[in-house]
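Each of the two complexes below includes subunit A, the first together with subunit B, the second together with subunit C.
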Partner chain A sequence: MSTLINLIISGLATGSIYALVAIGFTLLWQTSQTINFAQGEFVMLPAFFMLAAMNAGFPFWAAILIGMALSMLILGVAFKRMLVDPMLKHGVLPLAIATMALSLAMKESVKQFYSAEAQPFPSLIPSIDLHVLGAVVSTQSLGVLAVGIGAVVALQFLLTRTSVGHQMQATAQNPTTARILGIPVERMIMYSFLINAGLVAIASVLVTPLYLAKFTSGETLGLAAFIAAIVGGFNQVRGAIVGGLLLGVVDNLAATYISTQYRAAVPLMLLIAVILFRPQGLLGSAEERTV
Partner chain B sequence: MATEAALELDGVVAGYGQMTILNGTTFKVPASSITTVIGPNGAGKSTVFKTIFGLLKARTGTIRFQGRDITNLSPRALIEAGICYVPQGRNIFPQLSVRHNIELGAVAAGRGLTDMPARIEAALDRFPVLRKKADRQASTLSGGEQKQLEIVRGLLLDPKLVLIDEPSIGLSPLMVQETFAILTELRNKGVAILMIEQNAKSALAMSDFGIVLELGQTRIMDTAEAVLNDPRVAALFLGGSIEPKASGDNAPQVN
Partner chain C sequence: MNLDRIILLVSLFVATAVLIVLPFQLGRYGLYILSMWAVMAIGAIGLNLTLGYAGQVSLAQGAFVGIGAYSAAILTTNHWPMSVAVLVAIALCFAVGWILGYPALRVQHHYLAFVTLAFSTLAYLVFRNEEWLTKGIYGISDVPRPVLLGFKMQSPLRFYFLCLASLGIVTLLVGWLIRSPWGRAFVALRENPIRALSLGIDTRRYTLMAFAIGSALGGVCGALYAPLVEFIDPTPFTLGLSLNLLMMVIVGGAGFFAGPFLGAAISVLLPEWLRFTEGYYLLIYAVFVMGLLIYSPTGLLGILDKYLTARSTKKASAARASATATFGAQS
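Let's look at the complex of A and B:
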């Protein structure tokens, strides 16, 4: 029983990271039809920005801020202006393929210009085991879960309670009508790219201490976020949250109770089950784009 | 038509890509009036509205609003100038609440508008159905209610010119009557209304002026009554065509 609680809590912690990455993924899809196959590498890269800043002599907290800023600039503004805007003119598929190429380019660049070796990364939250009701829960899991939930709550507040959030939702649901009302549609789309860049940077800070910083470390994460987004309903922020948390828990339970050989197949089985029995996703509705 | 014009189009040419739909469209919309545009399907009626509202570029020609040149201004600038556009079909944000949908009608006013909550309350008072469903998702409204929402939203900033494209489509006769009543009420307050309608008879019956558009040109521009009784209009709606009198005479015929 106590192991189960422990597994669920650490699963939710990983799941909250998946959720952050999946939310960003669905936001880009909703506001500008971008299927970002480089989303995993978007999580991998900010950690290297932060490592580079620390190597340059900045303390950890300042390195995090620098990594965030660079992430916004490069994975937000430059990504939109230099890749999405020019490629979207040619269609959704060419853009998706361009993001695949980007993911390769990002991996190769990190390997070439930083290192091919896994780099240790400091943890924001000290790892202490707490004994609660007979279960051992690590503060690291709780901290990750708290930061993840905090980020999601803040984003939901922005989207549902503020005028800018309503304008972003309006842009996603009906861009033509949004323009007719004088909503600055282009700016709203840019905001969603900036939010995505912020979310992947937060995810990077949370996940890298667990798995080390390596040029390949985005691969599993990108796949997990993709699965979480589809399981949750692809076109819904709420869906991405549920999908991410569910995947984290299922993944963690599978790692313990199912042989390691089959573990990797479990998320894919979850994906196939959803596609077969509920193709619109757990919270999704058919053919609608919403935030 | 001695009245002062709210809106004037002069030789407007516009279209989609290589295709030209408006071939020098020219007409006037008098202030404090309801002017209805009729014409066969594909005549370019909706295209005129999109061009006035800055969604399509006018290649040549000028569009003036209250004497000021507004050709090719952005929708945002046109809203700020006092124009509102209610397009054909459903133009709502289905997953947002009715209230949030309405609030988005005030975005163009920025933060300058301090009496926004009061304006929204007044709008909801005027439309009890929308008040009752204010906190529901807009997708739960009926077709007529959605159209009302669009109109309320468009009126939030007190426009001086309303462009409304086929408001009666898909509405029950009662809803059509109500919608026309709202437009008449606005006209009586001094707002100029330019409306496109398929249902020519009932629309002209409540209008002050009528415009017949064909192949992107004004064929007839007169009082609504005169347009209603014009034998050429009957011919046009029976599938005929109003040819310009002399060949090469591209000037719109204005009675």
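Let's look at the complex of A and C:
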């Protein structure tokens, strides 16, 4: 029982990181039909911005801010202007392939210009074991969970309670009508890219202390976020949250109770089952299918 | 138009001549790379059939190359002849590809891409974990090269010609397939499935067929890959290979017959040629792919196609203009 609680809490913690990355993924899809195959690398890169800033002599908190800013600039603005905008009119597939090439370029850049070795990364939250109801819970898990939930709540507030959020939702649902109503659609799309860049930077700060910073570390994370987004519902921010948390817990339980060799298979089975029997995702609403 | 056809035939002839003569000038490594190109081109041709002609997005071609490679490696190390191994690889990939086609009957486009992506990763897990069959991470070493009609294909040069001949056979078969009613049904499936259905094309069967045949060619690619590399372990068959094959097809030009040849050449040969840049070659390759796709989302042959179409419309409108001019003068 105590292991179960332990597994669920640490699963929720990783799940909240998956959720952050998955939300960014669905935001890009909704506002600009971009399937970002480089999303995992988008999480890997900010950690290296922060490491570089720390090497330049900045304290940890300043490095985090610099990393955030650089990530907004490069993964937000530059990504949209240089890759997405020119390719958007040509349909989903060429852009998806271009993001695959981008992920390769990002991995190779880090390997060439920084290091191929795994780098330790300082943790925002000190790791102390707490004893709750006989279970051992690390403060790191709780902290990650708290920051993750905080970010998600803030985003939900932005999207559902503010005028900018409503404009963004309108843009996502129907860009043409939104434009007629006088919403600056282009700026709203840019906001969604900036939000994605911010979310991956937060995820980077949370996840890197657990798994070290390495140029390949985006691969598994990207796949996990991908699965979380689809399982929850590709066209729903709410779905991505549920998908992320569910995936984190399922992954942890599968590793303990099923088999360590096939732990990665369980989320994939879940993905296939969801696509075949409920393509709109667990929480998603049915999307019009193009024929 | 006639001139274009002559140019096409001449370039085809030159390419074939180069592929036959060049190897005699190359060393061991050069031959290995050129054989790799021929092998990967077969896999990309298969994917081009599924994606380029029938319009079904698949991120699982790498998994079929893996299935083909493991079938060949397991059978030939157990002293079965290569021909049996190739047939088993084809049959196995055809069957699995057929089954994988079923999701395509339910979901399309990006959802289909996700299902095939999941399949690809699952296949990798099986290669890695089923040690009794695949020897897991230790891999299968000393995969023998075949003996064909009494000739040993051990030397790199002979094996290269075996790969090239296989590529030739596949090219002819696929070329025939595309011109046949089946090929036209595939294109109809891509362009407008509902119209194809209303014209009496069994879209269900052709969707499954497109997957099965494309996957079977992935199996052929794998069955040649195993004796080429002579050592098989799970690492080459991650999702990366599927993405790489997809990139080959798109970069060359999806839906163009020559696309996969060009795409495979860029993916296999360009990095080798860029080796003088030391560690930077993959980076340059990735940036090149992005730049190309921004400039021409239909790939390299898309550029040529655009140029040729522009020229022929210009010519046609010039012909029309001169025709109306003479007509006007006469009246």
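Side notes on the structure shown:
Here, the second predicted complex is superposed on the first by the 287 of 291 C-alpha atoms of A that agree within 3 Å, B and C clash if a C-alpha of one lies under 4 Å from a C-alpha of the other, contacts with A are read in each partner's own complex, and residues count from 1 in each chain.
One rule holds for everything that comes next: a residue touches a chain if its C-beta (ideal position, glycine included) is under 8 Å from a C-beta of that chain, and two chains touch if they have at least 3 such contacts.
These numbers were taken from a predicted model, which means no experiment stands behind them.
In the superposed three-chain model, the partner touching more residues of subunit A is C, compared with the other of subunit B and subunit C. By the touch criterion defined above, A:S109 lies against subunit C but remains apart from subunit B after alignment on the C-alpha atoms of chain A.
Look at A:A170: by the touch rule set out above, it reaches subunit B but stays clear of subunit C. In the superposition on chain A, A:M87 makes contact with subunit C only, while subunit B stays out of contact range.
Once chain A of one complex is fitted onto chain A of the other, the partner contacts of A:F226 are limited to subunit C, with no touch recorded for subunit B.
Of the two partner chains, subunit B is the only one that A:G182 touches; subunit C does not reach it.
In the superposed model, A:I272 lies in contact with subunit C only, and not with subunit B. Common to the subunit B and subunit C interfaces on subunit A are residues 290-291.
Contacts from subunit A toward subunit C in the complex involve residues 35, 37, 83, 86-87, 90-98, 100-102, 104-105, 108-109, 111-112, 223, 226-227, 230, 234, 261-262, 264-265, 268-269, 271-272, 275-276, 279, 289-291. The residues of subunit B lying in touch with subunit A in their complex are 53, 55, 75-76, 79-80, 85, 87, 91-96, 100, 103-105, 107-108, 153. Considering their complex, residues 163, 166-167, 169-170, 173-174, 176-184, 288, 290-291 of subunit A touch subunit B. The residues of subunit C lying in touch with subunit A in their complex are 57, 103, 106-111, 113-115, 117-119, 121-122, 125, 128-129, 192-194, 239, 243, 246-247, 250, 279-280, 282-283, 285-287, 289-290, 293-294, 297-298.
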